[in-house]
């Protein structure tokens, strides 16, 4: 399902997320068989294949196979060298100097002999990214960098505007080759590079079929050593039911994200492994506090009590997830486990509503001095939206039981965005935040973020929260920040600008012939170079 | 072995014969079935309108997702949200009834007018109209509709209006040809010679006497198409939107479980569609045969 | 050339062809017990008002009746030097007719069985032994195929001239034979480009080109304007004398019949009411005629009448409705020669065809004493 | 003929303009697809506009597109940045293949049934059930029919009819394309109409005088009825049905993962992908026009005199 992939800051390394690691993971880098092809199915076609302009998951997953960052994140969540072999950080925490590997070459461009990777490429990438004419979601995330300069061919120094906690992890952004682009100043989608990217990564793009099947082959000269599996093929599907069938019929070997309804079917099948990985996202109902009816905290809390989240999670997602109580990525250090999510308690809900001055009308709908408690729930349309439908309609029913009538209105994705973020023409929305490798909730609830195309779409404003957010931003002391965030969590849970629902566990399903599969929660293919297929299983 | 029987007794004036002796049995069966369906549609429309349903079609029941037919109180079982399928089927008619009629009337009325103009007047108007019809015909209907609703909003009325418009050419050309044919048979001259007023000729002699069968066929086909079209769009996610029920979005949501071997949730609405459309088509055929008084086939 | 010596070329016996009026649930007795003979190189004319069933009779001979129940009884014996067979051979087993006092009540018919069997019989004869030409020639030629092709098709189907070259020559020969000007040109043109008369000539050419033993001409002149009509008749007369082909000529036009026919059958209400040599049947003497024939003749303009300025008679009343056939004489209702003494019989009993002079039969109580 | 071509050209022009008008009238911004994943603040939008340099009046936009097309350049997809022309070519060929195939299926099934029904009254007993079957099948939602077909082929014949598999697979790759073609041919409501239509025509023609003549001269009835009773109606149907079948293709391509124009259209419609939508509309319309051109030429060839107008 479609997420609001917005850029929040919340550093990976502090996320003790369950990284899916298959049984075989422990066996160290012993000699593993090479060869074999891995066909994986995607729902939809990738638009662009480069790390800069691509703005949907499919493309990002592919560029994860083709490119590298200066640093990487290993399965244990530590920052590890990748293109940079070492780094040192200045006293004032504003200077980051990276020593680059000198044995890295770019994928050969056609027949030309491979070009070496140098500091120029790093500088170049940064400049491209920040150029106003480059259209990329990344920009926002690197505004904390003041400048970057090349020290020598294999050294670059970044200077930060201000010290940032765990800045290092942010240097995992992908590096693109200086010689790769047609236009040396900025990158738009009509540059051939976005369709024929060359990188330093374990796999190099071979061909794109007319059906936009992306064929990638092992990079013999990969600096971490040649990846085990010879070929990765991304196959686009237009129908999720067919996608699942394709797996069960061995037409593909892997589905990166299994549709909730198919989980049961695949669990039963011994040929496949269902591997959970943290979605790094949570779903919620967001309220528009501009609506006087919703401005009252008690009403929002009442809605919280009215929902039976456990039931929904159970029967819609067969319990593949965790119910949450607050705005932080579950399992993160900031998440306050002492705060309990609203229990299912309709009576309490009704009581709260009455307390807020609502009385049940003749038609069973609560009303307060003439105003009925009638609200519009805006939901974006997608072809494959069953889960969404279930949740929102269930929501509608639960609220009906406590005397609030909700009108569900499905809108085409773009106009939905316009309505919610530009015109604020809505009462309630159902959406999910997806945290990428770095996230921060400050933008969600700070009053400065109210306004068109700002993240605080619900116009929630509370000076206390504001100050807390600012505080936590400024402090560099980890413990201090932790306490602040826990406070923040408790507060927002009580204030209920959102009704926080749950974070779902994503599942990837793959044929069990594929060994040593570790999945990165967000980038997915980060460790794909270590996956392998036993020789016996390579012949299909 | 075919049997032909002479009416026994005095052979006199036969116009009094009951219709089931007048016309081919097949046609009568067709029409009967068609009328039955139409009646059912009307009834369920009314039922829906006054909400006289076994269950609340919106009421979801999370304990009982996708119950099989005849399970406690749910005659046709429940859907992926535990809502009563029967009630939603009945309610589903609402989605098509008026919009469908709108679509049909657009294509019939405009079609007839243009058809008469081009067939009866001819000349420059005709060329213009021909261009117009060809123009509409050049669009793949579904693509056009996709475009429109993606551009504006997925509203069944938008869909049906577009469908109505795309339906115009068929009617227009049919009517125009009919008129030309009649003109060839110097039928119209005769009428004019009889001193009939143009309006009468067109309305009564051309449209009513000679085109009614054709129009009926078009109308019945139109309703069928409306339903199928909405279904296709539902599959693409642009049909009637939840929680409002339409047969299309019922088939679609049910079909998500089809390949897993759970056929019923999609089969139920699919059958509804099947029988209804069949009814409309047969009604058209039967009436056509009877009005043209052809031997039933 | 009377039928006595050799078996006649075509001998229709008590042919009955009914149709079924679905809307009225009863039979249209289009042909109701017709008997006829066509001798070798003889032309028999069948005359009668439209709706008297003459065309249906002809079609029945050709086995072209497709509406049910169609032919339900009788025999059609055909005997040329090449073929001798009953065209309804063994077809009776496909029909079961239930009658109540002379009136057919129920017909069971296995249409497909009948059709297939009849096709088997007729297949070898149609076009080859028996050829047919129709009224309204322009519609009777295939508008999508050139005249020449339609001719050569017939020729290749039924004669020894198989090769395109031969058949083309043959076709051209026949086109000339029927006096189509510039046949080579016409050969390649489509019927739509030709006049009605021209088309009829082409039809005739097509019919004769396969040198059949019997030609059935169904209203060959109807739907053509007068001058053309007479031209066509001239042509047929000529061809008759040249080829001596036996012809069954159906027409409502006495003048045509009188010019071409050796013998004449007058049909009324699906039955033959008078049958005999042309000069007898169409002669002046009204006293030995069936009243209907007399009336028919009286309604035709002849020089004589025009000279005497006596005005044309018309036959009052309408053509007999062959669904609701009265028990008595079918012409009774319109007959102007009913005498009080026979009135009773006329009203109640159907007279049969009886020979009042050698080779002259009439179906009327006046002659049945 | 020349006139026909001119008309066709005019029509294509009209089509492109209408589509353009719709796109232009549509609310929302065709750049949204680029701004996915970030908050498209006015500033960002401005930046994008500058980067793409699409600041044109509507007619400017239309005519620059038109000129481009006339010079063989269909513009580039805003989504992928790829030139639309070549992609459209391959994709539209796939769709054409699907469309023609299904057309063939429809006719192969409809014609015998129709002829049966028309041939003679007494064959009714046989043709009735067939006709019914035709009606039933074409009253089913086409994607559901597709699911049934997939289910059956998986569970009964143990093969998975995905076009993509067919391409890389062994000798009988055609089997993979066979199922979708069947589904489209049977479904999408066409077949019943085709049957009805052909039946009426054939029956009418069988009653024509010249057919009787043919029987009377012992020639093959079918041969004589062929042109008017079958050839012409069939071509007319083909011409008339192309737009519908193209519509059905959208669905079938989704179900069977068929890399065709319909899928592209679906995606593009959501992205407001200007050049792609325009291109597709143009190609589709061209197919339709070609169909009717074909039909007219055949009619003219069959019978130059236009015997029956």
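Lettered A, B, C and D in written order, each chain numbered from 1.
One rule holds for everything that comes next: a contact is a pair of C-beta atoms (placed from the backbone, for glycine too) under 8 Å apart; a residue touches a chain by one contact, two chains touch by 3 or more.
Bear in mind the structure is a predicted one, so any value in this text is a computation, not a measurement.
Chemist: Once you count every C-beta pair in contact for both, which comes out on top, B-C or C-D?
Modeler: C-D
Chemist: Closest chain to the protein CA centroid?
Modeler: D
Chemist: Among all other chains, pick the one whose mean CA position is farthest from the mean CA position of chain C.
Modeler: With centres defined by C-alpha atoms, farthest from chain C sits A.
Chemist: Taking the mean of the CA coordinates per chain, how far is chain B from chain C in Å?
Modeler: 50
Chemist: When the centre of a chain is set as the mean of its C-alpha atoms, what distance in Å lies between chain A and chain C?
Modeler: Those two chain centres are 92 Å apart.
Chemist: Taking each chain's centre as its mean C-alpha position, how far apart are chain C and chain D in Å?
Modeler: Distance between chain centres, rounded to whole Å: 54 Å.
Chemist: With centres defined as the mean C-alpha position, give me the chain A-chain D separation in Å.
Modeler: Computed from C-alpha means, the inter-chain centre distance equals 40 Å.
Chemist: For chain C, which residues are shared contacts with two or more other chains?
Modeler: Within chain C, the residues that touch at least two other chains are 68, 111.
Chemist: Using the touch rule from the top of the page, what residues of chain D touch 2 or more other chains?
Modeler: Within chain D, the residues that touch at least two other chains are 27-28, 121-122, 147, 150, 154, 254, 266, 270, 272.
Chemist: Of all residues in chain B, which are in touch with two or more distinct other chains?
Modeler: In chain B, residues 2, 150, 235-236, 255, 258-259, 295 touch at least two other chains, as defined above.
Chemist: Could you list each pair of chains that touch one another?
Modeler: Listed in label order, the chain pairs in contact are A-B, A-D, B-C, B-D, C-D.
Chemist: Which of the residues in chain A end up touching chain D in this complex?
Modeler: Interface residues on chain A, with respect to chain D: 5-7, 45, 47-48, 53, 55-56, 132-135, 137, 139-140, 186, 188-191, 194-195, 209-213, 235-239, 241-242, 245-246, 249, 251, 412-415, 417-418, 421, 452-455.
Chemist: Once bound in the complex, which stretches of chain B touch chain A?
Modeler: Spelled out, the residues of chain B in touch with chain A are 58-60, 62-63, 65, 80-81, 149-150, 153-154, 235-238, 241-243, 253, 255-260.
Chemist: Quick one: which bits of chain C touch chain B in the complex? Just the residue numbers, please.
Modeler: 18, 20-27, 68-69, 100, 103-111, 323-324
Chemist: Under the definition above, what is the set of chain B residues touching chain C in their complex?
Modeler: 1-8, 11-12, 14, 17, 21-24, 293, 295
Chemist: Where on chain D is chain A touching in the complex?
Modeler: Within the complex, chain D contacts chain A at residues 27-29, 32-42, 47-48, 50-52, 76, 78-82, 87, 90-91, 94, 147, 150, 154, 160, 162-165, 253-257, 259, 263, 266-267, 270, 272.
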